[in-house]
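Take a look at this one; I'll ask things after.
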Amino acid sequence: MSGFDHDDRHQQGSPSEPQPGARKASEAEAPTSPAVGRDEWVARHGERRARRGGVLGTLEERLAVVPWWVWLTLFVAAACTVPLFSESGYVRRVAFDTVVFMLLALGLNVVVGWGGLLDLGYVAFFGIGAYAYALLASDKYDIHVPTIALIPLVALIGGIAGWLVGLPSRRLTGDYLAIVTLFFFQVFLTATNNGDDVFGRNLTNGPNGILDVDVFSFFGWSLPRVTSTGQFSVRYLYVALAIFGLVYVALRLLNDSRTGRAWRSLREDALAAEVMGMPVNTLKLMAFAFGASVAALTGSVAAALNGSVFPQNFEFPLLITVYTMVILGGAGSQVGVVLGAIIVSVLLEVLREPGDARGLFYLVILLALVGVFRPSLRLAIVLGGTAVLGFVAHLVAGRVDDAWTAGVAEDSGRIAGWVSDWVIVPTQLAGWVPAVSYVTLIALALGLTLVEGWRRVALLIPTLYLAAFVWENVLLDAPESTRYVVLGGLLVAMMIARPQGLLGEKRVEIV
Amino acid sequence: MDTFVQLTLNGLTLGSVYALIALGYSLVYGILKLLNFAHGDVFMVGSFIGFGVLQLLGGATDPVLPLWPLLIVITVSAMAGCAVLGVVIERFAYRPLRDAPRIAPLISALGVSFFLAYSMQVLFGAEQRDYDAFSLDNGKLFLSGFDIGNVRVPLLRIVIIVAAFLLMIVLWLLVTRTRTGKAMKATSYDREAAAMMGIDIDRVIVVAFVLGSALAGAAGVLFALRAPTFPAIGFLAGLKGFTAAVIGGIGSVPGAMAGGLILGFAEAYTQGYISTKWSDLLVFVILIGFMIFRPQGLFGRPDIKKV
Amino acid sequence: MDETTPLLQLEGINTYYGQIHILQDSNMVIREGELVCLLGGNASGKSTTLKTILGIVRPRTGTVSLNGEDVTRVPTAHRIKRGMAIVPENRRLFGPMTVRENLEMGAYLRPKADLREEFDRVYELFPLLYERRSQLAGTLSGGEQQMVAMGRALMSKPKLLLMDEPSMGLAPVLVERSFEIIKQVNDAGVAMLVVEQNANVSLSIADRGYVLSTGRIVLEGRAEDLLENEDLRKAYLGR
Amino acid sequence: MKRRLAVLAALSTLVVAALASTAGTGTAATDASQAVSCSKRLKVAMITPVTGGGGFIGQEQVTWAKFAVKNLAKKTYGLNVQLVVGDTPVEKGPGEALVVAQKFIADQSVVAIIGPATSGGVASASQALAAAGLAHISPSATRTSLTKGSKLEATKFFFRVVPGDYIQGPTDANYMVDKLKADKVVLVDFQEPYSVGLADAAEAVLKRKGVSTTRLSTSVNTTDFSSLVTRVPSDADVVFFPTQQPADAQTFGTQMREQGKRAVMFGGDGANSPSAFKIPGSYVSNFAPDISGIPTSRALIAGWQKDNPSLKLGSFGPPSYLAVQVALNAIKRACTAGKGQIKDRKDVFRNVKRIRVNPSILGGTFRFSTKSNDPLNAKFYIFQIQSDGSYKLVS
């Protein structure tokens, strides 16, 4: 059902039959590695990538020599030093959350990137892990399983749950699996939410969640979740990092093993793999179970740190967030998804604060412009034109009515002050302005992709100014929704510009 | 007995809205093999367009138009707005990914869904918006109607059911009787062969998006006449429509209609007879079972191609 | 050589799938009323040539012209509109649609008023299809499907008909029948490009032929000359 | 084999590094709070859902809190205060309140918290806030177990300016039994903490009084209630509908009328919104009498309306104003006591309990009870919706 000329490509890509006459010629011109059956579209991107040369190219080659585990150790060690740079419990907490996201992304990568399965119920396993931990280590049933035994147990429970949910994949492929897992996700949510009254018994406290979840405690040595001053306790960051390291290594070894190779071949051509006698279903189930297991393990870490578990912790936006991480980083590449997790996690956190978000916004626009135009006349025209347009518009608007420019930009700081001299920020927006300007901005931005050359430059100037206007007046007013608007836009743009993600190279076909 | 009639009526009302949403899913899936996760959000945008137009026309308490023209204007503008939205989404989020691996447009669809839902939230806030249709003609839509036994069938429900079925019949005729409809069917069966017949695939796909999105827009208005709408409803409505499409056999037009009604009845009866609390769970568990034993749905053709 | 504008002309076509160079510098001409066959083994680029002609695959360099007009950047549907039709490999019928509907799809680009006439023409050529008109195309036998595919292509009243492996998967008797029909259609003035592995049969009815091998056109000429060609005999005719 | 060794090496380094650093910094947590000067800008942080399904609650609260800061900080208390908002979308669960709280804890210029808005949020963040010495004053968390009962879910640093379900539930239930003479009551909850808590509280009283109750439950995202309405017995007297979305109450009411059910709708404070819930004959309870009838409050409402012309007065906003007022007052006192600086955020906390507000925007004098951090003598008021849509105080 997929790409319609897939089969043909197979035929034509493989020089299987002896050909008369032109044989020599074909050998001479044959590409070094005839990537048979590879997607033309991904290959196009691959080709562009392969052309990279110069200093970057050389650097890349040099760096490629260093074994992966050195990088991992360096990375974890570097992450361990985060607390040295910031006394702020908040920064440490964000670092911890980022590690949790990294773990989630690693787990999802097994399912999507390696198994090639579209699992829309992934977050449910995270929830199952958290609930398993909370039920087995809290006052709820007054069970307090020691952490050292509970963590593997939770991972096992997650794995078994994954195996069971994956079972239907014996018959369900592709979209159907996505549907079943999505339904399973809904079942999980309903079940936990209504668990306060199962035939009159209270199993999960329902929407009130489980409080008083035990902290981690190793051999009688417990790790309080907040310091004496209420700050996030940095020890959880170290624990999470240690678990991350272990999971990373375990998955890496798994991917290098026979199973990993089997997954790869399965992904490249499931039919062929089956014909070769590979236990396709078992392999899929394994991918599913491993992913679920990692998610559940992560759930236990999150539950222990938060000290509480609520059904609402595991809803759809989280799923999208983790998917964004995996897709952005490049499904299939462990380094990629970790990178994706870091970028998205930090991005979401920065967007929380209007002041920081503003800086990031203008920086990204500037970098994007430089990236597209390189330092050139066009870049200068675009930047200058936008600046001039802004000052003129600001001046005119201010002359017409003071109130048009008298508004205060959200938050403050140097950029904010500078911005409010340039962008029109009225004290009070008329009700229709946000919607109209927002829709116009989207229309202009989409229009930009349709025109080329100087026309694009000309269109870019008003678009940029309108973007600044919408950003200051509409989006910064609702930073929380803006975060997800950005996330959604990022997913679409990523798919179109670089579908294999930042570091992914292999094509990922959902079978 | 009265309870049964009432529940059937509830199921029919809800089910016909689900069916309208499901049709959009099925049309697009049939041709592109794409689960258009943004479809529910188109529905949501439709209900908001209806709300906005209603406010422009004076609101439910003081409308400038008489009842029927008002309802028609609201519905048609929502349909038109959604049709445009559907075309834009297709053009910019899906078309560039036409020949990409299957996962790419799927992820893109998730992105569009998120983008739409939260954009609406940025612009209009998260709160529920009520059309307040009860105020139109002093509750005429809710209170007048005819009776079956002791059960009153209110005018609004008749309007919703009739409008939904009319739209479905129109769509059915479009798809089976017109050349473009047949071209859609041909394209969904074999896109390349259809192109070889001179069928403009891009155009067929656009038509599918126009039809599906317009139906979603109509569904948005019909739904919001009875119940409030809010930006986050898109995900839920999408899930329902998608489920309905799956039950019926995704890609099949009569399947989507049947699926929508079945889902509507299933919800109404489980809520009415078994438990309001566990009805969602029951419905989804039944669905998972259904998916396992009849993955192609009621009307879908079994997927012949292996993997 | 005749100097009228060719119906179809490929000039310097280079087609790639990703990094794989499929068609290499292909040139081809088909003139009005001609029956040309394109020969080649598996993976020689026959289907890609067809796809390039149809616009399903875009060449990286080179031009495709129809009636002297450059259509390299024109999408498939619009090329079909300019008087081409195809009987695809494996026929590619619309299985869940009736025979009549399949034929109707063939005439997709023709005004509705002409349909009647076209149906009559095709039913005359294939009376069997008239009997089967309400049957689902997917339920027909291979030979019948071949007729539907031919009929469907003819519905658009093409000036140029492309045939992709008309003999594939058919019993020898049907192959012969198939080629008779091809000849018949060609005699009615429709130029044809027949892509075949079965060189013998196709060359016997063709005016001219091209031979493809790993993406290159290695031989071309009048059909009777090709039949005599040593290399070709060795490679295809097994003699 | 070489690779395996390498992996092992990497692994052990890793674990050792982690453990070492754990031991190293575990004991030496030296993030003691620093004094902040009152002449500099201070921050009051608000923790509430601004986006997502419950976003309208937070948005309403934020507009009122902003208005309170604008109206009071400079003029009345002479403070330079900025309101910062941390969003806790209900979709992300109560745990998000802790994440947001930790962000504010880390910011020394944050000296008081308004919120968390939801009871779940309070339960998850209270401990951390208490450890930081931050008073958190919620304008809307009503779960009883936060301040009362054998096992408290919140710390003593938690205050609320509205009374909890322990008053509202019984008030509503008693009114149903005593005044409305209800024998049969249907209770609807939305599978979220607010409505489950309130429905539980009311149901307990009703059962004790021998009223026959039916409990219905539906997802918070449901907006078409036809089949729930069908389950309402035709002889039911009252439907108790503790929703946080007034539009839901309106819909349920219309759908009851549509199906010819005669039961009277009874909403909690969450349904209190004359612009959205206007089924004549229905009742709503609220923690304040009609504040638009109080002259001082009327002026405030007008002031707020001027800043937010497109919004309508709801029931979540005014308590936020009060909460900010309490916080500002406590900050001012701490500043005075600390001679122009706040040495420790606990100083603000110590003052909260002593605050009196007169007149309070909610009417009368506001002060905290000495026994718990709840408002003293708080009452719930019951309104009946009149045929012209206005709310009339009936109890």
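Think of it as A, B, C and D in the order they're written, each chain with its own count starting at 1.
To be clear about the criterion, a contact is a pair of C-beta atoms (placed from the backbone, for glycine too) under 8 Å apart; a residue touches a chain by one contact, two chains touch by 3 or more.
Just so we're clear, the structure is a prediction, and the values are computed from it rather than from any experiment.
Visitor: From the centre of chain B, which other chain's Cα mean sits the farthest off?
Guide: C
Visitor: Would you say A-B or B-D is joined by more C-beta pairs in contact?
Guide: A-B
Visitor: Quick one: report the Å distance separating chain B from chain D, using the average Cα coordinate of each chain.
Guide: For chain B versus chain D, the centre distance works out to 36 Å.
Visitor: Once you find the CA centre of chain A and the CA centre of chain C, what distance in Å lies between them?
Guide: Roughly 48 Å, centre to centre.
Visitor: Quick one: report the Å distance separating chain A from chain B, using the average Cα coordinate of each chain.
Guide: Here chain A and chain B have centroids separated by 30 Å.
Visitor: When the C-alpha atoms of chain C and chain D are each averaged to a single point, how far apart are the two points in Å?
Guide: 74
Visitor: Give the residues of chain A that touch two or more other chains, as numbers and ranges in rising order.
Guide: 5, 39-40, 42, 190, 194, 197, 316-317, 478, 481, 484
Visitor: Residues of chain D touching 2+ other chains?
Guide: Correct list: 51, 55, 91, 191, 217, 219.
Visitor: Got the chain C residues that touch at least 2 other chains?
Guide: 56
Visitor: Applying the document's contact rule, which stretches of chain D touch chain B when the two form their complex?
Guide: For chain D paired with chain B, touching residues are 51-56, 59, 91, 191, 216-219, 221, 223-228, 230-231, 245, 247-248, 250-251, 254-255, 257-260, 276.
Visitor: Mind pulling up the chain A residues that touch chain B in the complex?
Guide: Those in contact with chain B are residues 1-5, 39-42, 112, 118, 168, 171-176, 178-180, 182-184, 186-187, 190-191, 194, 197, 270-271, 274, 316-317, 320, 323-324, 327, 331, 434-435, 438, 446, 449, 474-475, 477-478, 481-482, 484-485, 487-492, 494-496, 499, 507-511.
Visitor: Please output the residues of chain C touching chain B within their complex, sorted ascending.
Guide: It is residues 54, 56, 75-78, 80-81, 86, 88, 92-97, 101, 104-106, 108-109, 112, 152, 156 of chain C that touch chain B.
Visitor: Which residues of chain A touch chain D in the complex?
Guide: Residue positions touching the partner: 67, 69-70, 72-73, 76-77, 80, 83, 87-91, 93, 97, 190, 193-194, 196-197, 206-209, 211, 223, 225-235, 238-239, 241-242, 245-246, 249, 253, 302, 306-318, 352, 428, 431, 478-481, 484.
Visitor: Which of the residues in chain B come into contact with chain A in the complex?
Guide: Residues 29, 33, 35, 88, 91-93, 96-97, 99-108, 110-119, 121-124, 126, 190-192, 235, 239, 242-243, 246, 250, 277-278, 280-281, 284-285, 287-288, 291-292, 295, 303, 305-307 of chain B touch chain A in their complex.
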